[in-house]
Structure formats: C-alpha cells, structure tokens
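Below you'll find the structures, each written out as structure tokens.
Common to both upcoming complexes is subunit A, partnered first by subunit B, then by subunit C.
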Partner chain A sequence: MNVLQQVVNGIIIGHAYALVAVGWTMLLGAARLVNFGHGQMYMVGAFVAWWFMKTTGLPYPVAVLAAIVVGALIGAVLQRLLMKLTLARDLVSLMIVTLGFGQMLEGAAGLAFGPKPQTLSSPFQAMSLRFGPIWFTVQDAILVVATIAVFLALRYVLNATKFGTAIRMVAEDPPLTRLGGIDVSRVYMGIFAFEGAAVAFAATLVAPRTPILTSMGFDQVVMTFVVVVLGGIGSVAGSYAAGLCLGLFTALFGALVSPAYTTAAVFALLIAVMALRPGQLAASANFAR
Partner chain B sequence: MSPLRPMSRLAGVIALAVAGFFLPRILGGSTSVYDTLVVIAIFSAMSYGLDILLSDLGEISLAHTAFFATGAYAAAILTVRYGQNAWVAMVGAVLSSLALALVLGAITLRTREFAFSLVTYAAAIVCMNVASNWDFLGGSDGIVGVPPLDLSIGPLTLTAGQSAEFWPFAYVLLLLTLYFVHRFRRSSLGQAALMVHMNPRLAAMCGLDANRVRLQVFLVSAPISALAGWLYAFQRSYVGTDLFEAYFLVLMLTAVIIAGRRVLLGPLLGTALLMSQKSFASLGAYGDKLVLGAILVAVLCYSPQGLAALWPRRRAGAADAETPSSNPSVRSQHG
Partner chain C sequence: MSARLEVRDLSVAYGASRAVAVDKLVVEPGTLAAVIGANGAGKSTLVNAIANWSRAEPRVEGAILMDGENIAGLPAHHHVRRGLQLVPEGRGVFMGLTVEENLRDGAPADAGPGRKTYSVQNVYELFPRLHERRTTQGGSLSGGERQMLAVGRALRMAPKVLLLDEPSIGLAPRLVSLLLQTVRMLVDSGLTVLLVEQNVRAVMEVTDVVHLLERGKVIASGAVEAMRDDPRIIEAYLGGSHG
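After this line comes the complex of A and B, so read on.
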C-alpha cells in the first residue's frame, strides 16, 4: 500500500470536490439555497462539452468554454424560476424546486443525449507525470491549479470589488440591500450564473476521469453535498478546506478501511455535525471570509 | 362548504368509498387499469406519510423514501429469508420503520426547517449506501422472489396474485390510511402539531413541548410510508436500492404539494394525476421525468399553496391557515 500515492490521490479528489462545490457554496452562502439539482447541472456541463466536441470537432479547451456558457445560462434560467420564492425567502420550497429542476434536467438530457455512456476525452488525460513512487495525470494537475485559481479569484471578487460587496450585503440582509439602492435580483442573477458556470467548468475538468451517463448526476456530487454544507456554513475558504479534508478522508478511508462504506461514513459525520450544531447553518453571513 | 348533517355526510363518504372500489371496473377493467390503480393506491398511501409531516408539522422530510424502503425491505427479508407470513412482515415493517424514525427523530430533534431537511436527506443517503453494500439487505442486487401476498386468517382465505386480485388489498390500505390521516388531523396530537407549526410561542404558552410533538408526529408518519412499502414489496415481488431513488421523493413531494396542503384527498389526487400520465400518456422514461420535475417546479413557483389555492370557492381563511414556512412568526423563532 502506497500511502503517499493515496495522499496525492486524496489531494486531487479533494480539489475536485472543492471545485464542483464552489458554485453551490456561493448559492448557500449568499442566497441560502441548497441546490439539489447541482448534480444534474454537473451532468449537463459534461454532456454539453462532449456533444460540442462531437458535432463541431473543435478541441477540448473550446468545449470547456461552451460548457461554461451553457452552464451560466442554466443558472440564469433557474434564477428566473426561483425569483419569487427567493425574494420571499421561502427556503424550504426553494429546496424542493431544485429537486424538481434536477429531475427536469435529467429528463431533458436523457432525451437529448441518449441513454448510452459516453467519454469526454481530454488530451491531458493521457499525459502523465511521475515523481518517484507518485503518479498523476496532467489533467489532475490542471484540475488542482484551476481549483486554486477559482478560489483565489472568488476571494478577490468578494472582498475587493463593488459587486462582491453587494453579494455580501445580499447574504446579510436582502431587504436592507434593496433599500441601499442595489438591484437585488441582479445580484442573485450573478450568483446563479456563477453557480451554473462553475459547476459546468468543474464537470469539464473532472468528467474526463470516468465515463459519463445522463443518470450520473446524483452519484457524482453526493460527496460535494457534504463539502457544501460543512464548508458553506462557514466560508468560501472553509469549503476549500472542507473539500481537501474530505478528499484525503475518502482516499485514505477507501484504501485503508472500506471503499464501500465511505459515503455512509462521510454522511454519518455530516449528520453528527449538523445534529450537534444546528445553529451553524443559520450563521452564514460571514461566508465571504 | 355547506354544512352537511353527520349521517348524510357519512353515507356520502361510504358511497364514495364503495364507488372507488369499483373504479377499475368502470374504467374498463383491463390489466393496465388495475395495475395503475394499484400503484396509485400504494404510492398515495406512501405520500400520506410525508403529508402529515409536511402539511401539519410544516417540516419537509427527505427521508421518507427510506421509510418506504424500510417497509419493503422488512417485508422481503421476513418472507424470503425467514419464511414468515405477510402479517409478521407487516408487523416487522412497522417496527423497523419506528426504530429508524426514533433514531432519526432523536437526531433531528433540535434541527428546524432548513437543517431538518438537510439532515433527513443525509440520513436517506446513508440508508441507501448501507442497503447497497450490506449483503444482509441484498446489496446492490436487492432481494428477489417475494412470495404472493397471503393474509389468510384461519378459514378466511385472503390471497392476492397480480393486478385485479391485488386491487382490494391496495384499496383497503388506501382507505385505512385516509381514515387514519383524517383522525390524526382531529386528534390532540394533530392539533398540537398544527399549533407548534403555526404559532410556536402560543404552543409553548399552552404547555406543549415542541420537541416532543415533533418526535411523536415523526413516529406517526413513518409507519404510514412503511406500510405502503410493505405492500409494494409484494406487488413487485422484489426489492432493490431503486426504492431510495430521488424519483420516489419527487413523486411524494409533488403529490403532496400539487393539490395543496391539508387537503385530505390532495395527495391521492396528485398521485393519481402523476401515475395516470405515466401509464396512459407516457413520454418515455426521460419524458416522464421531465414532466414530473416540471409539474413540481411550476406548482411551487407559480402557486406555492397548491392548485387548491386557485379554486375560488375555497373557504375563506383556509388560505391563511395554510401558509407554512413563509409565516414570519414561525420563521423568527429560528432565524
């Protein structure tokens, strides 16, 4: 058992979790929304990139951009649908709507892309790097670097720009933000578009590792749910840390204890944290730190 | 709603119940009609478990698929592995769902609305993960070969094969569930649940322990979904991890929400609408998913109180009594 290799795998998986989770973390932090359609948005992102490469023959990086654009559009559509409920702050109804939205996306993707498994092929997946006993692909390296870049950029936008300030105000108190002369629905639109774009971007970077299926949404992001809830409660930086810790935990638990029960172990941990500290979810106003 | 005298009202209900029993024959009596109505009866019984929690307590449990699956798994394990009869399986389904509800209820006792839904969702995922990996529960293959339903008592033979034979059992389960939910809404627990939901401060002043009421309602709601799962295991003759799928969750939620909350026949009509579309106007598996999701989204986004709220002749005040989590006095308690 090569523990060092497992640690490297854990770091890579952890960055994948963090990147898949980042848009959702923003949604939870700023709009207080748990998006159960996140997995299906991930799936659509991967399939749009695959379909784009298949029909146009353009290279992988262009397909990544196309997926990001479609992802942002889906996020915007979701925002339009949820407008009324978001302003009413009916959190529980919002949550259920996202479940229904996920079902819609899965159905639509099934109709559009068919039931067969496909492969999103990235040229970087075939290139590998080897340092002594440790091995990873160039795709993995890109994933890690891109994740760090996205988190740093997000931190900058939230803390050092006017739009970031508006987002933090909306997270704190939407009615007061409206009184302050800021168009709250535009801020929400930005957050939702970011959510869609970020998850599509994550999908194009992570999906080349495995075959893609229109029914995969749930399985692919089930771990991300934990990152979002545990990390998103605290802060954006917290979700990066949560992703990394979870990646290391799943890699080591899977290798050393039991691969089958990894999900159950992680979720049992989540339940324990939430049941013991239910107040944590309410206090998310400082999410931008 | 015009006040009817109790006797004539009772007669009306009985007439409706009897008419309901002959509904499949009225609709032509084909196998597909019977199968659809059986599934409608079972799934709406399943939805009523969630309905009690959602409409009366105002909390959205995402773990009711787990209760439904618990009932089905208990039935399959007791009949296939241990050769027990359907009655024992029924008791097993109720007890195992109560045990699960007790654990979950204790964990979620202090969580409210948002956190409550998240924890129940996480719990459902743990259950699914355990079911698909634990050999005792059949692992990812599930458990096949559940025998036909046999509820015979002494000389009275009560067996059911498929379709038409199964219908009376599913219909009786549905009627019992409806009666139970009706009684629950008039019971002191049902009233307490509503008060805890609508006005927690008043409830506290009346000496109600909110946590105790919540736990009790949770314990009442779980066996309802579990009994539906119990019957479903016999109808389908196998159980598997697909019982945990989001499909059932979305189906339940849509069925409860579509007509409006605290409408006794609401979940039944919702389920009937959704399952009829699936059986008789199917657009394929993907198309049906699209329709189900779209209905849920459309109802919640454009008429959050359900379609009944659009009905102009509804009792005045009923709409006010049915604003669940958007009630500011409720929300300020845990904001």
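After this line comes the complex of A and C, so read on.
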C-alpha cells in the first residue's frame, strides 16, 4: 500500500472536516452556542447546489454561490427563530431545538429533492493531478486551498476588523458589548449567517466527492462535533489543526487497520482526549487565535 | 433650557422587590453630580436603569430625559449612540482584548452637537499608563489600569453624559484621587457626569452637586457646599470629623 497517497488523502479529508466545522467553531467560540442542525444545513447546501444546476443549467461555480446565499439565509432565519434562546445562551434548549430544526430540514429536503441519491457534479472532480506515486483531483486541490483561505480570512476578520472585534466582544461579555454601542443581536445574526454560508460552501466543495443523500446530515454533525471538541471548543486555529489530524487519522487508520472501524476509532480518540483534558472543554477567551 | 439629564418617577424592581423609586433627579450640562449612599441603597441600580442596562433583568418604569427628549425604554446600545454612556461597576473592559483593541472602535468623528470625540491618542494623553500598556490584554491589567481603560472606552463613544458607577472600587487612595481628578478635568472641559461613589470623602473634593440615596429614594440633594454641612452626611459618611 501507498503510505504517501494515504497521507495526501488524509490531508484532503482533514481539510474537508475543518471546512465543514469552521462555521460551528465560530458559533461556539464567539456566541457560545451550538447548532445540531449543522449537518442538515450541510446536506441542504449540497442539494441546493445540485438542484440549482439541474434547473437552471448554470455552471458549478454559480451553484456554489447560490448555495452560499441560501446557507446564509437559513442561518439568519435560524437566529431569528432562536433569538430568545441565543440571547439567554440556553444551551440545553438550543441543543434540542436545533436538533429538531435539523430534522425539519431533513424532512423538507426529502420532500423537495426526493429519496434517491444524487450527484453534485463538479467539472473539477474529473480532472486529476499526478505527481509520481501520488494522485488527487483538482476538486481536492480547490478544497484544500479554499479551506486555508477561509481560515486565514476568518483569522484576519476576527483580529483586524470592526465586526471581528465585535464578535470577540460578544464572545466574552454580551452586556458590556452593548455599552460599546453595538447591537448584540445583529452580531449574533452575522455569526449565524456565516455559519450557514460556511457550511453550505463546504458542502459544495466536499459533496462532489461522493453521492449525496438527504439523510447524510447526521454523519456530518457527528464528525463536526468531534473536530470542534478536539480543537479545544471554539478555537479557530485549533479546529483547523483538529480537522487536519482527524483526516490523517481516519485515512491512515482506514488503510492500516480497517475502514469499517474508523468512526468507532475516532470516537475512542475523542473519549480519550475528553478524559485526559476535560478543562479544555470550557470555551476559551482567546478563540480568535 | 432643559436639563442635560432628567430622571422622573423612575421605579426599578427585581421580581417583587422595588430597588429604586426616584421622583426626580436632574443633572445640568457641564456639571458633575454625585450619587452617594450606603451599600445596597440602589445607586448602581439607579444608574444602570438610566442607561437601560443591566446584567440582571430588572423591571424599569419612568422617564429618562436627555436634553428634554424621553429616551426611556430604548435599548442600551441606542443610548450609547445618543451619547448617554455608562461605565458599569466592576467589569468594564474586555479581558481577552488588548488595551488598544479595547479602545479601537469608537463613535464617528461627527457624533453630533455637544459631543466631544476622543481619539485613541487623546485617551492615551489622558491616561499615559494605558499607552505604556497598549499591547497588554485587559485581563492582565491592574485594577487601576482597568478603570482607566473603562473610562477611556467610554470616552471613545463621545458621550454627552457619562454615568460612572463606583470607579474607585478596589483602588488605592492615590489612584482614586487621580481618577476623580481626571473626571473633574473632563467635566471642566464640558462633559456632564453622574458619578456613583461610596468614597464620599473623595467625591466631595470634586463634585458640584450631591444626591443622597437611601433605600432607593433620594432623601437629600444640593450643591456640594451645602451638602457638606448636612448632618446626615456628616454623621453617616464623613465620620463627623469634617471641619
């Protein structure tokens, strides 16, 4: 077997994990909120892009943009619906309500898009690059570059812009943020819209790798949760590193041990990490770093 | 001409218990008014209610007039945008942001008539210590530096009226007088300040007007010269030793 190829696969999968998780990382880091409908928002992103290409005949990049817009809208609507819970940071209720929201999205998607597996076809999926023993698609390369770009952009926004500063203020102390003349509920809305847009963007880049199903959301939320927790809840750089490590772990474990037990192994890893450093589960004030 | 800030029939309650019931409290433009009173008299509750801000969820009724316009009930961030600025007691800065980041975003330069804008540089001139500490995170500052930063943050919002809640709490006496002298200087340059303080002796040195709050009610008000001789204040707050 080709270890180098597995490492490359791991890096690609890792970037996919990180990109899918980035919205939730923001949500958790900045707003101290959870969204267990995240996986279904991923699924909707993929299906919106697919449906958009099918009905309009427009090319893949335009469908990516359409999915991002719809994702941002879903995020904003979710925030409006959950306004009271978000302002009170009522985590247990949010967990249950967002889980329900995800189920509603899944049901609605099932009705709208049908039960059959579909293919979100990207022209870049068919183009491959080969360097000696290793091989990957242009789609994979785009995914990796886009993920790095999103994380760098996020870091810049959080540390160097007015809105980013407002997000970090809300993360630390929402009441005090109001005394800076900032409308806290708007900041929350921006965070939710970012989450929706980011997960939809991730879906359009990742989904062409495999067939898409309206029931695929839950697997995504599970992996995302692992990435966010391993990264040290809500840390932007941490979740990038965690996504990458998790990708390498699943690729190598799948190749060296058995692909059938990968998910179980990931959870064993998660439990081990949580048991060894429970203090890290508390959200950190320095999530922007 | 109307007062800069006027509070009318203000009532604040937490659940069933009423914490504040103030019929009238007026602050004239360009003056420093102090609210003094014992612990639990409702001083913080009063200024928080004026700013319509709280970490708890009080029920607030009454009128808050700024330059004659009733702004009661507007969200706290709207008060800030109109120039009514609170510096809350205790946690007034962001621990995870550096001094510079805490000060970076302020009101626009043309905030409106009667509002003096302070640049970050102006704040550093006012509190040189903050300039030395500009790359330090809020969480690593001393108590005095945090209070300076909290006041600096407030000034960046170009306030017309500054509500200061216990700025001296936990500070060494030298810092208390330094901070209050700075506040006095700001008032002399045109700012209107309502100051809540427990350190009555220090307040008497700088304030123009004193309001004595007891069990949520203003029981005496007047110019500092007159209030200095008020037996209730001498007995309860100045230890009777005031000459």
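By our rule, the second predicted complex is superposed on the first by the 282 of 289 C-alpha atoms of A that agree within 3 Å, B and C clash if a C-alpha of one lies under 4 Å from a C-alpha of the other, contacts with A are read in each partner's own complex, and residues count from 1 in each chain.
To be clear about the criterion, a contact is a pair of C-beta atoms (placed from the backbone, for glycine too) under 8 Å apart; a residue touches a chain by one contact, two chains touch by 3 or more.
None of the values given here were measured: they were computed from a predicted structure.
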Combined model on subunit A where subunit B meets subunit C, clash or fit: fit
Touching partner for A:152 - first (subunit B), second (subunit C), both, neither: neither
Partner chain in contact with A:222 - subunit B first, subunit C second, else both or neither: first
Which of subunit B and subunit C A:178 touches, first, second, both or neither: second
First, second, both or neither for A:4, with subunit B first and subunit C second: neither
Superposition-derived comparison: subunit B or subunit C, residues of subunit A touched: B
Touched partner set for A:134, first subunit B, second subunit C, both or neither: neither
Cα-centre angle that subunit B and subunit C span when viewed from subunit A, reported as a multiple of 10 degrees: 90
Subunit B versus subunit C - smallest C-alpha distance in the overlay, whole Å: 10
Subunit A contact footprint on subunit C (complex, rising order): 51, 53-55, 75-77, 80-81, 85-88, 91-92, 94-97, 101, 104-105, 107, 139, 153-154, 157
Complex contact set, residues of subunit A against subunit B: 32, 34, 36, 81-82, 84-85, 88-93, 95-97, 99-111, 214, 218, 222, 225-226, 229, 260-261, 263-264, 267-268, 270-271, 274-275, 278, 281-282
Of all residues in subunit A, those that touch subunit C in their complex: 162, 165-166, 168-169, 171-173, 175-176, 178-184, 285-286
Subunit B residues touching subunit A - in the complex, by the definition given at the top: 60, 107-108, 110-115, 117-119, 121-123, 125-126, 129-130, 133, 246-247, 249-250, 253-254, 257, 284-297, 300-302, 304, 324-326, 331, 334-335
